[in-house]
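In order of appearance the chains are A, B and C, and numbering begins at 1 in each one.
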Amino acid sequence: MSTVTAPASAERTARAEARRPAGRPRPRSRKVSRPAYGAGLGAAVWLVLVLVPLYFLIATSLRGSGDYLTEGPLSIPETITLDAYRRAFEVGFLRFLTNSLIVAVGAIALVLVVALPAAFAIVRSKSRVVRIGFTLFLLGLAVPAQAVIIPIYLIITRLHLYDSLTAVILPTAAFALPVSIVVLTSSLRDVPGSLYEAMALDGANNFQTFWRLVLPLSRSGVVTVAIFVGLNAWNNFLFPLVLTQSSETRVLPLGLWEFQTQYGTDVPGLMAAVVLSALPVLALYLFGRRQLLGGLAAGAGK
Amino acid sequence: MRRITRPHMLGSALVALALGLTTACGTAGPGTEEDAAGVEVWVVEDATVNQVVQTAVEAYSESAGIEGELVTYANDAYKQRIQVALGSPEAPDVFFNWGGGNLAEYVNAKQVVDLTDALESNPEFRDAFLPSVLDVAKIDDRYYGVPMQGVLPVVLFYNKKIFDEVGVEPPTTYDELLKLVDTFKKEGITPIVLPGAQAWTELMWLEYLVDRVGGADVFQAIADGEEGAWKDPAVIKALEMCQELVERGAFGNNFSSLTSDNGSASTVLASGKGAMYLMGTWELSNQIENNPDFVADGHLGFTAFPALEDGEGDPKAIVGNPSNYFSVNADSAHIKESIDFLVQHMASEEYVEDLIEIGHVPAVAGIEDKLAETEHAEFTTFTYQLVSEAPTFTQSWDQAIPPAAAETMLTNLQMVFLGDMTPEEFAEAMEATQ
Amino acid sequence: MTSATRVQRPGALWAAPALLFFGLFGLAPIVIVAGLSFTTWKGLGTPEWAGLANWQALPSDKLVGSGILITLSLTVLTWATQTPLALAFGAWAAGPQRVRAVVSTIFFLPLLLSTAAIALIWQALLDPNFGVPAQWAELTGLSANVLGDPDLALWAIVFVLLWQFLPFHMLLYQAAAKQIPASLYEAAEIDGAGPVQRFWRITVPQLRHTIIASSVLILVGSMTYFETVLLLTGGGPGTATRILPLHMYLKGFSAFEMGYASAIAVLLVVIGTGLSLLVVRVSGYSQMTSEREGAS
């Protein structure tokens, strides 16, 4: 996406330039009207569809546990109470949150540590083993994790990892590897060979090349991978469901589900837990919004 | 998935997940050395019941001078976990199970200690239990488990206020039930609340109707794996009656998306949008939690499942969850101690009183007086009488038959209620699982 | 590249950790599951050799055929709903107007919620007695029976997935659309092209790489909708939304027919690999070096 100035478009720009009345300032590049009416109307409709459930979520979390069913889903709560939030903390929300964060960070770190060198090898190595390995990763792109949940369960119990957070991190990271390697590889493969040659001329070995050239250049890919793996880990439901059991190792999605089956009637409490679980991600988003857009543009647009 | 969450809801009072009990959790590592040291008891996480069990384990540890340990597991993980652990060095000494077909699986794998001799040499202990409940742990005439918590039969709940307003009485016969269906339908009230998103709630109707039409033997034959048992005319007839109820509008138009998970089914009854609700006795605690005023104002009515005039079944017979059971692992290094623990504590006065304290109706004879003093005495006494007078207590089918057959049964039953499968097709499909 | 011989190249060792790790948790399980598919195993005790029994049972299991069909329908439907909407909204949101930036930030919000949370919210919202359908049924006389209607349940899942994943794909398009040179639009405007024409003539062709990338992610992700379906409908009503991964899960962990479930799992792996091949072919991901190498 980064290099799209084809000659034809340059020519058209020149023509446009020529026809523009003199004296009028050149419009700032972004101030161009874009298709708006249809999309704008659609966006308005979608805005409602996004906001209604979110309103429901927040309004419900502020209701008393008995009021939820009687007041109607979209009514304005008659009395506002933070009771549901208190109950969410009581069932161990903080522990679920910590567990989920550990799993997400652990999986991201693990993936990056093994995938970055692998991507480097895939782009630069002439080894047959690497080529075959890359093919395996490609074939694994769409293989669903559910398919191998039974043997994963077996392997995890044999390794005596059952009911630990490591048990969740390992397969989560493994199944995120194919996509991560593809993303990292595609962000690295546009690095011109001359850069590597320049490094070599400076006498850099593989490790130095990796550290000083590959790492900085793959930053956008790293952001994309971190988001992808992080979201996967954050959302993961099946691995924790099958590989953990105690409340000490319960992650958020499972915690929410348990909340529903165990305290079935407490929808406000459930919704309060959902709101709380979104806050860390919201903070991350606000913090890294610019990075995210840049990373996505560079990493996934290729 | 959801069907195994059901026994879990009993007494689902608002107690936090993490009681002090869970300290023992997460012993997934090689526990052999620990095993050698004491009796390890595995149980499904249930804050109120586990406290009672914990007290018993502690009392036993103290008196026997041997260390006892309670390990709790989240409900859904438990079946998977015990399935894999039994036969491995990580297995517990005493383990929680659902009796019936669930227990039979372990018995057939020769992983459960035969408790018959222990029961016979302690007749007082044996006779303390209600026979219909104890019998659920009987496989091929031998006992493999003892009840460890309260009974949970399925009963017909109704909204007294709505019944009064419409001026009708709760049904005692199936014909009366059908008439009530028509009456409530005319009033614009859903006659019977059915959370059909969960097939096990539909199963309750089939269980009772088969029992009323053909008697308890019909399902016994199915549970015993007899050939042609699913094609018994009583099964076909009962399935047809289910479909007739659907067509008659007994369950309203939306039953297939109604769920009991988020409490909406309970509230449909309490709010008067629905008139009757066939559910396990744990529904009382759901109502107390979700619609406290409805219970406090005395509007929650309950009655036995109606009799079928021309049916062969005994109108006093019941279905539901007789109890959960403790069994002893055949590979345990502490078989004797484990049996001692069960014999000394599972019918002891303290244990029974503790169970009553948390709202259970223990499967123990002669506790009428104690129940009369409880907060919801009318209901617990009703439940107790229902169970003690019942000639048979048929275990929920999904627990009584092997898991593979249960899974197929629940899926197909939902199709029957949706009208996408005929009773004959259902019987045919189930016969294939025998 | 003339001096390539002098440049030190990384050996296979650099890829070894990733390969070993993926081998242990990705490939070994596939081999094991293939082995288990020839056994009878209830999770209790040890698996017993069963020969081809599980495989012979597959064709007569109607839920396998319907499961594949429902899985494929779900994939196609999610792609067909998410791609055009994400493209349109993404291009719209790339505009400089402040209101668009604000609105697109709101659009992003569902991405903050986990799959489980979203499924539970929608389950409560779609409740036939106390949810939104109950109210619209009163107003319009339409059915309030959404998740329980075999004809509607799949569409409800498609909608919930759209709600969940649209923001992500929209972001992709938004980010890419911002990089389309404004001069292209200016030129088109001067040529008299209206907004719609500009969208088709400039935006869509310029975003073709993003369309591929986003489609690939949808295809790859479609095998993971399992969790939404499990939580929202459990595969019901009846078997109306029982996708193949869910069928496998229920056979394995509810019916404890691990051997048979493994046979379904192998089927899933085969379908997944086929999908991967398709993806690789469409996207050109298999190139190890850029076709534009040396161009910039």
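Criterion: a residue touches a chain if its C-beta (ideal position, glycine included) is under 8 Å from a C-beta of that chain, and two chains touch if they have at least 3 such contacts.
In UniProt terms the chains read A = ABC transporter permease; C = ABC transporter.
Predicted model, so just to flag it, every value in this text is computed and none were measured.
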Chain nearest the overall C-alpha centroid of the shown protein atoms: C
Chain located farthest away, centre of chain B as origin (C-alpha): A
Between A-C and B-C, the pair with more C-beta contacts: A-C
Mean-CA-position distance for chain B and chain A (Å): 42
Rounded Å distance between chain B and chain C, as computed from the means of their C-alpha atoms: 39
Intercentroid distance (Cα basis), chain C paired with chain A, Å: 14
Of all residues in chain A, the ones touching two or more other chains: 69, 242, 260, 267, 270
For chain C, residues contacting two or more additional chains: 124, 127, 130, 230, 253
Junction residues of chain B - those touching two or more other chains: 2, 80, 84, 261-262, 264, 267
Contact footprint of chain A on chain B as seen in their complex: 2, 5, 8-9, 12, 14, 16-18, 22, 25-26, 28-30, 45, 72-78, 80-81, 84, 260-264, 266-267, 271, 286, 289-293
Residues of chain C defined as touching chain B within the complex: 42-45, 63, 123-124, 126-130, 143-150, 230, 233-239, 242, 250-251, 253-257
Residues of chain B that touch chain C when the two form their complex: 1-2, 80, 83-84, 86-87, 105-106, 109, 111, 196-199, 253-259, 261-262, 264, 267-268, 273, 403-404, 406-408, 411, 414-415, 418, 420-421
Residues of chain A defined as touching chain B within the complex: 65-66, 69-70, 87, 90-92, 95, 153, 157, 160-164, 241-242, 244-250, 258, 260-267, 270
